[in-house]
Amino acid sequence: MIKWIKEFSKGLVVSNPIFVLALGLCPALAVTNTLDNAIGMSGAVMFVLLCSNMLVAVIRPWVSGIVRIPTFIVIIATFVTIVSLVFQAYIPALYESLGIYLPLIVVNCMILGRAEAFASRNKLSLSIADALGMSLGFMAAIVLIAVIRETLGTGALTFFGITLFTLPVLDEQPVSLFLLPAGAFLAIGLLLAVFRKWGLIKND
Amino acid sequence: MTDLLAIFIGMALINNFVLVKFLGLCPFFGVSKKLTNAFSMSMAVTFVMLMASAVTWPITHYILIPLDAEYLRTVVYILVIATLVQIIELFIMRTNYSLYSAFGIYLALITTNCAVMGVTLVNTDEGFTFVESMVSALGAGTGFGLVLVLMSGIRERLEISQLPDSMKGLPVAFLVAALMGLAFSGFAGMV
Amino acid sequence: MDLLITIVLIAAIGLLCGLAIYIVYISVPHKVPGLKKIDEINKLLPGMNCGACGYAGCFAFAQQVVNNPQLAASASCPVLLGDSHVVKQLEVALGVTIDADAMSKKAMVRCTGASEQVFEYTGIPSCKAAILIARGFKRCPFACLGMGDCERVCKYDAITIDPEKRTAHIDYVKCTGCGLCAKECPQKLIEMVPGRTTIAFRCNYPELKNIPGRERCENACIHCRKCFKACRYEAISWKKEQAVPEFHPEKCTLCGECIEVCPNRTLEFFKPGFGK
Amino acid sequence: MVLLKLIKRFYAIIFLTLVVAISATLLGLTHSLTADQILRQEHARFMAYLERMFPDMDYFEHEEELYVIYNVDDEIEGYAFIGSAPGYSSTIRVMVGLEDKATVKQVMIIAHTETPGIGDRIEDEDFTGQFAGLPVDRIYLNSDDVDSITGATQSANAVIRAISEAVEEIFKEQSD
């Protein structure tokens, strides 16, 4: 049980996939321009990571060496396609705004990385812990980036249509740089530096 | 001919995969510490992009579209890419080991490189013909390589500059990427 | 029904992919001759790809050595020279004898860094940059500036920088003699010397007249010839043109006489543990 | 025995094929479960746009690319068509409603993923409102009657292009 908690909490801070391992950066930057997108994306990633980690952990004794990577990646792709079909059917607005980045979860280095490095070597229960921890860490990171970018970039924060708050001056003159691709790099770079300054993350 | 040029420039500069579309960021930050590595990596990526586009185009147009099964494209594309990468890796390892020792580690990274998968998805989304797909793959690879090489040049310089400790390494690389991204957004509207 | 056809076709793609990998796996032969042997040698090498042997990395060197074993006796791979255990393994693998001792080289810093700092330098932290301003920030224009160019280039962690004196120290044990630091140093004050060198001469000041060295540095060689005169074993000869001593390790008895008489403490034992 | 040996020998291939086949089956099933819902969603969205544009709509008919809208009394209420053009970071799709075959009633942006706060200003009433009442042949790039958006020229021009290209295609065919 202690080991389970250890694996679970590892992904949250110590080896946070975005800030520490720098894995899965593509979605972290591409879909963090609004809070809705970030939540939708991390939900999808969580589902895919959990399912694929579980399945890989179960079938690991039977996987043959030379087709290991194709096998894992087909499993991941299957879950990604299921997610995207479900999104398309029930939350079409989110599906459209995630666009090409939804199928690209397949190549999120984090997911194959976890399947390869962790699930293919560990028991089912530990793999679940790892998947949950990693995906929660991923969610925390990209939601944080999205909140910053949306707040600074539009002067307000909305959550699936509900406006949470509006800032006085920024509302009139938003820093729209933060919504551009460059703003994504800027936000994540500064966040990373601040975390290091506070000692949350170790320096290189 | 001008159409092809427009696609090439569009993929290489305007919709630059790394800075505008955020594809292939992991190698962008991982392999951009040294200029020589960056060059090898971008060559390998361009090669795999071309191969992947060449293989996925007939699959899409002769199998998936007639079957009305385009929802399966994610699975099929990634399967094909993973296979291709593995075959190329095996082939190079056995026939030219010194090439393998230069490229090998990057090949493993390419399976999970969003840029390769991205280019095949974009080709289908835009409904490119075979030749157009190849040109777009070449453009995407060139754009990726250009940015990777530029970035590694800058990072080699950054290594010896004086920075606050918490800025060293990845954070400052992100800031550099931000500035490069701003510069590249100036290409918008070129075609 | 449509679904069935789809499944069969997609499975066929899967089959083809598996088949392709399998066929390549089975049928592509190992074309590089002696690949196994090369791999075996390659594993013995340090794997740092420092290039000291003159080839493009360890693997290239291994390839050359397998084709021409005699090469191992003349190349300067740091592993050949440092690690006697590995040298034995290499000798067995290649069937040649390697006189590692004769080939071994070590890097020696020809400066104690004692020269006084004359201004505060806050520019780019690199010797190459620092040297551009008034030949460096130390009184002696040939001194080690200690900005760490050599430390950064060393692949074996053998070099440390003394931040107080701003000078480089080379760990005799860790140094493999690859010579990368000697190439990197803009002051050209790191010299590759034979591994059995006993006495280190720590001054790089090349001019005889103009300004006497001692004004610039408390450890400077003042060309007094005391060491030459003190040596009873003819292990030191005097080079007249440069007016500096030349040491002959094969005659040296490690008595330490020359070090004691040196008025400016320019001389030191080269290897830690020599002398007392 | 021979079969067993064969299976053992080609185990890797068989395994991969099986995985792919299972994956395709799973996805095929998911697809057939969700396909209706996806179509319904798309249809509902389309209808919602049409109804917002033509509140009195009862049903519509296709006339090539042009939708002809009828009200309860089977009278022609108006026309609508869909155009698309690549914008700054995505393909922008617009729906254009027409009073009659020459005058624009309303323009709606139905799909885009332009930069929020910049490119998505094409959705503002200030921009889309200016098309209302314009003759269709007055909508083209750099037309005197249509203003672009400062700072979002790419996206705004894409909207204008989407309309003018669709107009050209639909009405050229019809006048031929």
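In order of appearance the chains are A, B, C and D, and numbering begins at 1 in each one.
Quick note on the criterion: a contact is a pair of C-beta atoms (placed from the backbone, for glycine too) under 8 Å apart; a residue touches a chain by one contact, two chains touch by 3 or more.
Bear in mind that the values here come from a model prediction, so they are computed numbers and not experimental data.
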Chain whose mean Cα position lies farthest from chain D: C
By C-alpha centroids, what is the most central chain here? B
For the pair chain A and chain B, the C-alpha centroid-to-centroid distance in angstrom is 21
Between chain A and chain D, tell me the centre distance in angstrom, where each centre is the average of that chain's C-alpha atoms. 29
Between chain B and chain C, what distance separates the C-alpha centroids? Give it in angstrom. 38
At least two partner chains per residue is the criterion; list those residues in chain B. 20, 69, 71-72, 75, 79, 82-83, 86
Give the residues of chain C that touch two or more other chains, as numbers and ranges in rising order. 6, 10, 13-14, 17-18, 21-22, 25
Can you tell me which residues of chain D touch two or more of the remaining chains? 12-13, 15-16, 19-20, 23-24, 27-28, 31
Residues of chain B touching chain D in the complex: 15, 20, 69, 71-72, 75, 79, 188-189
Can you check the complex and tell me which residues of chain B touch chain C? 59, 63, 67-69, 72, 75-76, 79-80, 82-83, 86-87, 90-91, 94-98, 101, 160-162
Touching residues on chain A, where the partner in the complex is chain B: 22-27, 29-30, 66, 69-70, 73-74, 76-78, 80-81, 84-85, 100, 103-104, 106-109, 112-113, 180-186, 188-190, 192-194, 196-197, 203-204
Per the touch rule, the chain A residues reaching chain D in their complex are 33-34, 62-67, 70-71, 74-75, 77-78, 81-82, 85-86, 88-90, 92, 96-97, 99, 150, 153-154, 174, 176, 179-180
Contact set on chain D toward chain A in their complex: 11-13, 15-16, 19-20, 23, 26-27, 30-31, 34, 37-38, 41-42, 45, 90, 111, 113, 115-118, 151
